[in-house]
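These are the structures, in structure tokens.
Next come two complexes built around subunit A: one with subunit B, the other with subunit C.
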Partner chain A sequence: MIKESSRITQGQLFFYMIQAQVGIGIMSLPHDVHAVAKGGAWISILIGGVVVQLAILVMWALCKRFPNLTMFEYLPKIFGKWIGGFFNFAYIIFFILMATLVLVLFESLINKWVFPLTPRWAVLALIVMTSVYLVIESLRTITRFYVFVSVLIVLIVLIALNAFTIADFTYMFPITEAGWGKIFLGSNKVIVSLLGFEMLLVVYPFVEGKADGKLKAASAGNAFTTLLYSFLVFIALIVFSPMEMAMIPEPIPYMLKAFSFRVVERLDLLFLSIWTVIVATSYMNYLFLAANGFGHYFHRGNHRTAVYYTAIISYILALIPQSPDGIEFLTQIVSWASYAFVYGLPVLFLLISLVFRKREKGKTA
Partner chain B sequence: MSKWRNSIVLILLIMILPGCWDMEFIKDARLIYATGFDLLPGGQFKLTVTIRDSIETGGGTEQHNTIMESVARTTRENRDLMQSMVSGKLSVYKIRVHLLGESVAKKNIFPFMDVLYRDPKSALNARVCVVEGNANELLRLNKVGVTYIGETVDEMISGEEQMTVVPKENLGSIAPVMWDHGQDFTLPMVKKTAKNVKVTGTALFHGHHMTGKLNRQESTLMLLMAGRKADTARLTIPVDQKQNPQVANFITFDVNKAKPKMKVTVKPGNRIDVDFPMKLTVSAVEYPLGELSQKAVVQKLNKQLSAILTARSQQVIQKLQRANCDVFGIGRHLIAFHHDTWKQLHWKTDYRKVRFHPRVQVEIIGSGILN
Partner chain C sequence: MLFHTNDLKHRTVTFQGKQLLILYLESMSDTERIEKEILFPIVHEKEGDVQDVVTDAHVEKQEDLRTAVDKLVQGQAVIILEGDTVCYVVDTRTSHNRGIEEPDNERVVRGAHNGFIENLTVNLYQLRARIENRHLVVRYYTVGKETKTKIAIIYMENLANPDLIQEVDKRIRSISTDTILNPGFIQEFMEDDPWSPFPQSLNTERPDRAMAHLMEGRVVLLSEGDPTALIMPVTLFAFYQSPDDFHTRWWVGTFVRMIRFASFLLAFQLPAIYIAVVSFHAEVLPVDLVYTIKASLDKVPYPPILEAFLMELALELIREAGIRLPSPVGQTIGIVGGLVMGDAVVRAGLVSYTMVIVVALTAISSFVVPSNEMSTSIRFLRFPLMIAASMFGFVGIVFGTMAVLIHLTKLTSFGTPYFAPAAPMRLKDMKDTILRMPIWKMNQRPHDPHPQRKKQEDDSSRRWKKDDQGKQ
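Up next is the complex of A and B:
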């Protein structure tokens, strides 16, 4: 059972959703999607959002059958102790890998853009330590922080709005230059960037209220993220000419480098500082998910102790890949894994629980 | 106990958090203000920089300007070479203006500028301009009047931007255009006179190299047609020949509003027509002949000015086409809205075949505080 003091409201779920989804992807998404979908990249994002929405529906349908249990608790109920446990540990490893990936990408960008001389271990230690400090608290505390820092997203939008002063709308035409096939293919990149929503599997029982309301909050969060990404990609599309876009891996901060105001000279640094917090929340999310899993198995449901060693594991793992090839390799592994763990397995779980009529016993919420 | 633990953690964090790898002390930094790029006759590459130093003295800060130059194979190598000649750390993040010597501008400019785009510390909002002649000689002026050369050039261009004499561009803004096949950029052009600097007009580029020039008046007209009027735009046009003194033959007016309406049509056989009407509402700021209270006179003037400006814009377009400089982004328009046509075109040669039909319509609506 979930402790009363760690429950969150549906409004908080909305913000949790946003903070879990928005993250590292902001930086490079326009470049990555444009490489496939050209001027239609912003449509790819919207398509990706719809795909994610479908996945959210599946997870919701699954979680609705076990309204007071996290995934770590109900998988053994569906599959029995051993197979369920196997899946659970697979998920824990997946969450740790996701956390590691966030750290690795974060470090490589910070190193490239802001601190070229600061060693990896220092940059990583900073974000890991801050995250641990928050994640050892209850989910309610974590979420309150997420709500609080959501103001920053408004700031990001405001900063990005500057782009309209230098925009040329014709850069995005012809929108279907790449063809609809490629535009759909482009959404492939997007559904990896929108990851984070799989937290529903664990966070769902923490949320107060009826199932419908939870779905609405989660969907609204996803819609917000999708629109935000689409907006940022759109902006990058109208600021950079197609060939230039191919050369710039992180269009959003690059675009900000050209602006200067009387008070603020380097908008890109301002953006990166804000972005650091946004990335930290993504990392915290995975840290919480993995620690919650360990907590369920080793600490009688309390995630607090598990946070420490989960963080250390992800920290050490993040120190390993040094070269761009290593990072690329990790990205590949994790994105393949995400298809299975986020888009594939939940469907399987749902089907099996439907066929074998598995649902939480006792009162239904 | 917990209080003690917290304080110790806090002190430790304060020691760790500030970091000490990427510190850059402003007191050690030697801020480059302007850079000049030149190709020497032998093909060697000379970089000239002016460094701005502020030295604290008893009474306040004293400004100093140091000019350095070096010859090396690449921009970065030049920078490193210079670093070996100065104390302190050369810093590029405050560069305000880059001056491209004509020798460089006429070659492919990108190889010289790659480092400016690649380095995260570089200032993408620095102005770029072309120097007629030699950038090194111009920077060697050191001071114009009481102002250091870097500031002089920067402020001059900034002033002329506001007068719509030269295009408002910086490193960041030319990048997307430079890499687009469907449009070209232009840059302000300056020239060293005996002891002074002047802004002479606009340098036209095609792709990555300079292919032509416009003088100040042509440049203003071009910017108006491109819909890039800044705060003010002023033109002086002869409307009479008989008056004595000569000064009385001219009208000078400020453009209040410029409304260019470009319409690109593609006809069979890939014939491209650009209909280019532009409506200018202007106020006279100098017109010794007076008479602006009479409707008939104003109407006659309107007609005359429209005819003259139409002819002039034709000349400007001719120059642009000869320089292969697609400032108006006709190619961009084709890419975006006539993609199939675009694929069949060879823009390098086909841009010159585009038929422009400029038609300027002037309307005088103000006359200052005189009639």
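Up next is the complex of A and C:
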């Protein structure tokens, strides 16, 4: 059972969803999707959002059957102790890998944009230590922080709005240049960028209220993130010509670098500072998920101690891939794994629990 | 029983034909009262019951000699009659009160100009006079095993959350120390997180401030011998409120609040941002400004962080010296330290002009906070942030700020979140935090002390307006 003092409200779930989803993807998403879908990239994002919504529905249907249990608690109920435990540890490894990926991508971007000379371990230590400091707290405290920093997303939108001063709408036409097939394929990139919502598997029982309300909050969060992403991609599309787009790996800060105001000459640094916080929340999310899994197995459900070594594992893992190829390799592994863990397995779990009529005993919420 | 002390006086008279001994501490008792209320009647009457003869309002029979000695130490007179098993304790305490003046460190432009003083009874009177309500409850405690300091907690019985009262009671009872020098001791014994740089209970010398918090369902703690009241639980934002805000028009009040928050950010971040900009991200500034700053920096051999530390330390020195010195000399220190040194240090090429500007601005901003305690915390916090900025530039500032925000989110004051209503976010309570909405809009008490009644206004406060419109 979840302690009363760590429960969160549905409003908080909405913000948790946003903070978990919005993250590292913002930077390179326009470039990646544009490479496939051309002018229709922003449509790809919307399609990706719908796919994610379907996944959220599956997870919700699954969690609804075990309203007071986290995934780590109910998988053994569906599959028995051993197979369930196997799945759980696979998930813990997946969460740690996701956390590592966030760290690696974050570091490589900081390296590229702000500090080419600062050693990797130092920047990584900063984000890991700060995150640990928050994640050792209860989910309620973590979420309070998430809600507070969500103000920054408004700032991001405000900064990005400046793009309309140099926009050229002809760049994005014809929208269906690449064809609908490619636009659908483009959403492939998006459903990886929108990751983070799988926290629902673990966080669901922490949320107060009825199942319908939880679904609404989670969906609203996903809708918000999807719209934010497609807004940013849209802006990148109208600022850069298709030729430029193909050459710029991180269009959003690149675009901001071009703006200059009387007071602040380089807006991209401001953007990167805000973005740093948003990335940290993504990392914190995975740290919490993995630590929660370890906590369930080794610390009687208390994730506090597990946070320390989970963070150290992800820190050490993040130090390994030094070259761009290494990063690319890790990205590939994680994105394939995410298809299985986020989009595939929950469906399987749901089907099995439906077929064998497994659900939490006692009253159903 | 009482170790020989020179201020112990005794007087023997004959009463009922027996010896009668009056003991009192000269330093604590009012000799005039002893003469008028004890000696005169006793010598006059010669016969009867002691309790009837003594004309003081407060005469108590005491069988335990040990307690009688304790009473003696408090300034009460002890009467011992020959051949009697009991003694009589008469309240003859003297009080030397400072006048009720406005506290120096919490001045307001408009509003009440009285403050708490060292005498607990007078302080309680000041609160009771403001809230003439039978629900106002005072509870006495004695803390400090040796000093036996008397403290009182005050709350509104019908507003304050019973759990909170119980928690405060529990924490006071668990204090077991010899010395309670001032409320700061109690504060540290009772705080949720004593390691935090942020004070978790508000201390004030203003009765009007204490009263406002009482009416929000909080608990006020007063202690004998100190003019500071502790208010708990509080939020970070309570430190940024001043009674003055409510004496001005609400537009002005809101404006002043915003200035204070800007000052919070400036005091906390400005030196760090400056260091980050000049050492890492000069490109953030417009080109013309970069040239000026570079020209000024070129003469300085030290890295910006050293410059900053030098100036900040100088400033803290001037501040500290200014407090310790008598006020006429204090002003001289300000002028010599501020003007002469500031100028000379730049001419000598130790510090750049821009750094002097930054440090001066930071200093002024940090003094804007209405609470001295909070202003010290903020000034203290900017040093780690400066170090972070000198090592990691903007990234360091972001993580440093994030760590402070996380700390604030985690912090609780008597179990209620310290950073409310920002985290947990409560838009309803924002009316009296960063903003100062019109008073008739603030019809609900803030949520953080969990008051028993949320509503504090009926809808009728401005009913006259609707009534007037109806007549037209």
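Quick note on the criterion: the second predicted complex is superposed on the first by the 365 of 365 C-alpha atoms of A that agree within 3 Å, B and C clash if a C-alpha of one lies under 4 Å from a C-alpha of the other, contacts with A are read in each partner's own complex, and residues count from 1 in each chain.
The working rule: a contact is a pair of C-beta atoms (placed from the backbone, for glycine too) under 8 Å apart; a residue touches a chain by one contact, two chains touch by 3 or more.
What you see is a predicted model; the values in this text were computed from it and never measured.
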item	value
Partner chain(s) touched by A:144 [first = subunit B, second = subunit C, both, neither]	second
First, second, both or neither for A:244, with subunit B first and subunit C second	first
Partner chain in contact with A:173 - subunit B first, subunit C second, else both or neither	first
First, second, both or neither for A:126, with subunit B first and subunit C second	both
Contacts of A:158 with subunit B and subunit C, given as first, second, both or neither	neither
Touched partner set for A:355, first subunit B, second subunit C, both or neither	neither
Which of subunit B and subunit C A:112 touches, first, second, both or neither	first
Those residues of subunit A which subunit B touches in one complex and subunit C touches in the other	114-115, 118, 122, 126, 260, 265-266
For the subunit C and subunit A complex, residues of the former touching the latter	280-281, 283-287, 391-399, 402-403, 405-407, 409-410, 417, 419, 422-425
Complex interface listing, subunit B residues touching subunit A	16-17, 19, 21-22, 93, 120, 123-125, 170-173, 175-181, 329, 332-333, 335-337, 339
Interfacial residue positions of subunit A with respect to subunit B in the complex	112-119, 122, 125-126, 166, 168, 170-171, 173-174, 177, 239-244, 247, 255, 257-260, 265-266, 268
Subunit A - residues contacting subunit C, complex	12, 110, 114-115, 118, 122-123, 126-127, 130, 133-134, 137, 141, 144-145, 147-149, 260, 262-266, 269, 272-273, 276-277, 280
